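Read the structure below first, then the notes.
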C-alpha cells in the first residue's frame, strides 16, 4: 500500500500548494462563477461569463463591496457534472467564496446545489437553469433557501409561444425541441397550452444536441403539412435546423423560443430568410433600468445584449453583490437573507451601472431599504427562489430585431392563470 | 414520407461511406480501431475553409456551377483539403502511431487514438473557435423531384462525387502496383514483406487514402450543413458501423455500409423516436457482429 | 563451391524475454538442398523466419553471399536474393494469380517484373490459364506451385521453404521435390524445413537436426538416414514425425 | 486551513470513487486484455440503479423504494453485472477492436436511454434527492464528508484486497494466461470466453459500484453525469497509474483527477476570464497529451505490473 500512501501525500501536497493563496481575509471579496466556457455549451457560456465579469467590473468601479474590490473567480464546468461539482467545491473551500453564480445547464447546477451549495451553506444563483426539479426540491425544503435563479421558468415561456402562434393566425403547428430538461418541459407545456387556445400540433419532434445534420428530424416534422414551426433550440443547433427546415421546403412561419433571440442565430441562418419569424423573450420590461443595462452593455461589447442568459447573469451578480453589501458579515446565510432584502417591495429603486450602485451603497450605508431593478426589471423571487418576468415579442426588421409586443409580469401571470384554469 | 427519408438516407450515407473507407483500411491494414479517424473529417472540412477563405480574400474565382452553391474554389478546396489532411495524418503516424506500433500492441494504439482524437478536436476549437461556420451563407433550396422528394443540388453533386471517388480508388487498388501491394498487405503483412513489399510505404499510403477520403467527406459535409469542431466526433459510431458492416478492408463494403447506415438512421425515425436515432448505428454493429463478424464483404479469417 | 548463406549463433524468438533459438548455426552452399528436421517446437520455423527477416535476431549474425545482413528488413532481403515460402498462407487468396505474381515482383523494376511474369506463365501454363482468377480457387498443390513461382520471380539465390509438402499428396510432393532439385541445379541454394523427415532426407544433400532451439546433429543427408540418434531425438514427438 | 482540509476530503472522495472504476477497468484491460470503451455506460447503470433503489418516490417515475444505502450499492453492482453479462455474451467472442467499438456504442446507447426513458430515469430532469447516509450521521459538511470519505476508503480497500486475492488466485493466473496467449490458454483446457466473461462482469460491477458511490455522494443523477468523456478520463487514470497493477489504478485516479482539477484551478488563477474558453480546450489537450506521452515514454505507467511479463508483444 506504499504507493497508495505516497499518492495521498502527493495529492495533499499538491492541494496545499495550489491553495496557498486561499485564506479568509476580507479583501478582495471573492465571487465564484461556475460556467461552461468550453464544451458543447461553450459558445453560450463564454458570453454569459463575460457579462458576469462585466457586472463585477462595474460594481468595482462603484467602490466594490464594503470598500473591497470584488474578484470574479471563474471555473469552467465543461458541461460535465463531476467537473462542475469539483470546481464549485474548490471555490467554496479553497477560495472561500460565499456565493456561486451558475451553472448553465440544470444537469450541472443540480448536483452543485445538492452536494456543495446547500451543505456548505453557500448561496447559488443561476442565470439559466430552467429545470422544474429545482422548484420541486425547494418545495421539499431541500434547497434551504440557498437557491435562486434570475431566469423565468418554462411555464410562462410555453404560454407565450402558444399565444404568439394563435395571435399570428397559425392553425397547425409543428414543434421541434431540444432534448434537454429545458426543451422537453417547454414542448410539453406548449402542446397543452396551444390546444387550450384552439391550435393543433401536427408533430412534435425532439432532437439531440450537437448533431451535424437534422434532416431526419426536419423531414419528420414536415409530415402533416404544418403552417408554422415552433422551434425550441439554442443558436447553433437552431440555425442548422432552421436552414434544413427552409431548404427542405418548410414554411417560414417560425415561432422561436427566447434563446434564439440572438445575432448568432440570425446571422447563421441569414436574416433574409427570416422575414416571417416571430419570437418572445423574457425580461426587457418597460423600465429605464433595462435601457441602462443595454447601453452599458453596448458600450462595453460593441453589440446589443442578445443571447441567452446575458440579462439574467448580470442581475444574478448584482443581487448577490448588493446582498453582500447589505450584510454585516459576508456569509452564505446573510446573502440568502440579503437577496430577498434588496429585491423586496417598498425599498428605494436602484439601477445598474456605476452611479446606480454607488447610490445603492449610500442608501445601504444610511440604513435605508433598497429595491434593485436591473437588466431583467424588478426581480421578484418567490419562496422557491424562482422569478417571474415580463415578456416581450419580437420580429426582424432587416437584420435587427424589433419589439412587437409587451406583457407585464401581471399580464403574464393572468395568461398562465387562464390557461391553467381551462 | 418514406421516399424522402430514403433520399435523405442515401445522401447522408454517401458521406458516411466516403469517410468510412479510410477507417476500414486502417482497421484491416494497420490493425487497430482508429478513434481519431473521425477528427480527420473535421480537419479536412476546416482545411477546405482555409482555402476558400484565402481564395475569396484574393478575389475568388467567381461564379457558381449552375444550380450548385459553389464554383471552382470548392473543387480546388477539396484537393487542398485532401493533401493537407494527408500530411496531418502522416505526421500523426510518424510522431505517434508508428512509434507505438514498435513498442506495444495494437490495442494500446486504440488508447492512443482516443488521446489523439481529443487533441485534434480541441486544437480545432482553439484555432477556429466554437462557432459554426458556413462555406456559403446563401441558403440553397431543395428541388422537388417526382414522388414529392426534395433534394439539394449540392447533395446530388456529392453523390456523384462519391461514385467518382470509389471508381478511382477501385482502379488504384486493382491496376497500380502500390494498390495491389496494399491489398496483399491487408491479407498478410508478413507474406507481403518477404515478397519484397515495403510495408511501411504501404502503411503511409493507407494514411494518405484514408485521410483524403475523410477530407473529401468532411468538406462535402461542411458544404451541405456547416462546420464545427464536433463535426467528425458526432460521426464516430456511424463511421465504425459502416466500416464493420462492410467488412474491414473492403472498399465497396465501406461505401455500401455507409449507405446502409445512412438509410437505417433516416428510416428509423419512422418507427422509433428521433432521440434514439444515434443508437441505430450501434444496433447495426451488434447485429452484424453477431451474425456475420467478417462483415458483408469481408473475408473470413 | 560458393557459400550462399551462413547463420551463426542465432538467438531469436517472438518475445525478447522468451527466446526460442539459443544460438543455432547453419550454412548452405550454392547448388545444395539443405534440410532442417527436428521434433515439434524445436524452432525450425523460427530459424527460417529469422533468416528471412521476419523474426528479430537478438544475437548472432546472418551472412548472405558473404555480406552481413543481420537485422535487414524482410522486404530488402527479398531484393537481395532471398526468397521465402511459408508453410501456411503462402499465397494471397484475395488476389488473382497475376496479382500474386505482381506482388512477388515488388522488389523489381516494373518492366522487369512484368517480363518475369510472362516467363513464369510460359513455364507454368496452369498459372497462365487461371491468371485472372482469385488464388483461393486453387488446390493445395497448385497453391504451392504459385507460392514457389511467386518466390522465384526475383530469381533468388537463396530459397527458404517451410514444409513445402505439408498437406500434399505423395505424387504432388514428389513433383515438388523435383522442382526443388531443378532450382539448385541452376545454382541456387535451398534451405528447407520438413516434418516428413525420411522423404526430405532422401532428396537433400545435407541436413541439420534441431531440438529445443539448439543444433543437435548435422551431416550428409544419406548418413543421417541411418543414424539411430535421430530416433531418440524424436522420441516423445508424434510417431509420424519419424515416419 | 479548514477549507483546504474540507476540499481535500472532497477531492479524495471523488478520486477514490473513480479509482474503484479504474480498478474494475484494470481487471478487464490490465489483467485480461479486454478493451472496454463503455465505462461511462456501466457507471450510469450503477448510478441510476442506486438512485432508483434508495431515492424518494416521485410521481410518474418508477422506483423510489427508499431502501438502505448498502442495498443501493449492492443493487448497482448486480445491475451493472447483469448488463455486462448481456453485453458480454454478444461481444466477447469478437476481436479486440470490435469489442472496443461495440462497448463504445453501448455507452452511447445507455446514455440515450438515460435521457429518454423518463419512467425509469426521470429523463432529462434526472432523479433528485438521493439520500446521502452521512447526512443522518453527522452535522456540517466537513464531518459529513469525512464520514463519506471513510466509507469510500472502506469500499476501496475492500475492493482492492478482494481484487488482489482474485488476481493472485488460480483464476487470476488464467486471466493473465488468456491475455498473453489465448490459444495456449484454451489448449490447457480453460474456456477463455467464459473466463473473459467473468472478468468483464466483475469489472463492470465495480464500475456500477463506483457510479453508485458517486450518485450517493452527489445526491442527484442526471443524463449528463456520464458523458463519453468520462470513459476517456478513467482510461487515462489507468494508463498513467500503470495497468496490471491495482495500486497503480488508485494512484492513477488521484494523479489524473488531481491534474484535471489542479489545471482548472490554475487556469482560474492565471488566465483572465475572457480567455478561459480557450483554456478549457487547452485542459482537454493537456489530458490528451498526458495519455499519449505516457504511452510513448512510460508505457508501463507510474507503477509497472506486479510481475513483469512483457505484454502483447506478439500482437503485430
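In this document, chain identifiers A, B, C and D correspond to the written order of the chains, with residue numbering beginning at 1 in each.
Note that contacts are C-beta pairs under 8 Å (C-beta built on N, C-alpha and C of every residue); 3 or more make two chains touch, one makes a residue touch a chain.
Being a predicted model, the structure only gives us computed values, none of them experimental.
Engineer: Tell me the fewest steps from chain A to chain B, where a step is a jump to a chain it touches.
Structural biologist: 1
Engineer: Tell me the chain pair with the top count of C-beta pairs in contact.
Structural biologist: Result of the pairwise contact count: A-D comes out on top.
Engineer: Which chain lies the greatest distance away from chain C when centres are computed from Cα atoms alone?
Structural biologist: A
Engineer: Taking the mean of the CA coordinates per chain, how far is chain A from chain C in Å?
Structural biologist: So the centre of chain A lies 75 Å away from the centre of chain C.
Engineer: How many angstrom between the C-alpha centroids of chain D and chain B?
Structural biologist: About 32 Å separates the centre of chain B from that of chain D.
Engineer: Could you work out how far the Cα centre of chain C sits from that of chain D, in whole Å?
Structural biologist: 51
Engineer: Would you kindly tell me how far, in whole Å, the mean C-alpha position of chain C lies from that of chain B?
Structural biologist: That gives a centre separation of 42 Å.
Engineer: Could you check chain B for residues that touch two or more other chains and list them?
Structural biologist: Residue numbers touching two or more other chains: 125, 130, 273, 275, 278.
Engineer: For chain D, what residues touch not just one other chain but two or more?
Structural biologist: Chain D, residues with two or more chain partners: 112, 115-116, 277-278, 281, 284, 313.
Engineer: Which residues of chain B touch chain D once you look at their complex with the stated criterion?
Structural biologist: Touching chain D from chain B are residues 27, 31-33, 35, 96, 99-101, 103-108, 110-112, 114-119, 121-123, 125-126, 130, 236-237, 240, 244, 273, 275-276, 278-279, 281-283, 285-286, 289-290, 293.
Engineer: Considering only the defined contacts, which chain A positions touch chain D in the complex?
Structural biologist: 1, 3-4, 6-8, 10-12, 14-16, 18-19, 21-22, 24, 33, 37-39, 42, 45-46, 49-50, 53, 72-76, 78-83, 85-87, 89-90, 92-94, 96, 105-108, 110-111, 114-115, 119-120, 131-133, 136-137, 140, 142, 179-185, 208
Engineer: Show which residues of chain B lie in contact with chain C when the two form their complex.
Structural biologist: Chain B residues touching chain C: 174, 177, 180-181, 183-184, 186-188, 190-199, 299.
Engineer: Name, in rising order, each residue of chain D that touches chain A in their complex.
Structural biologist: So the residues of chain D in touch with chain A come to 3-4, 6-8, 10-12, 14-15, 112, 115-116, 123-126, 128-129, 132, 135, 141, 144-145, 214, 217-220, 222-225, 227, 229-230, 247-248, 250-251, 254-255, 258, 260-262, 264-269, 273-274, 276-281, 283-284, 303.
Engineer: Any idea which chain A residues touch chain B in the complex?
Structural biologist: Residue positions touching the partner: 38, 40, 42-43, 46, 179, 205-208, 210-213, 215-217, 219-220, 222-223, 236, 239-240, 243-244, 246-249, 264, 267-270, 273.
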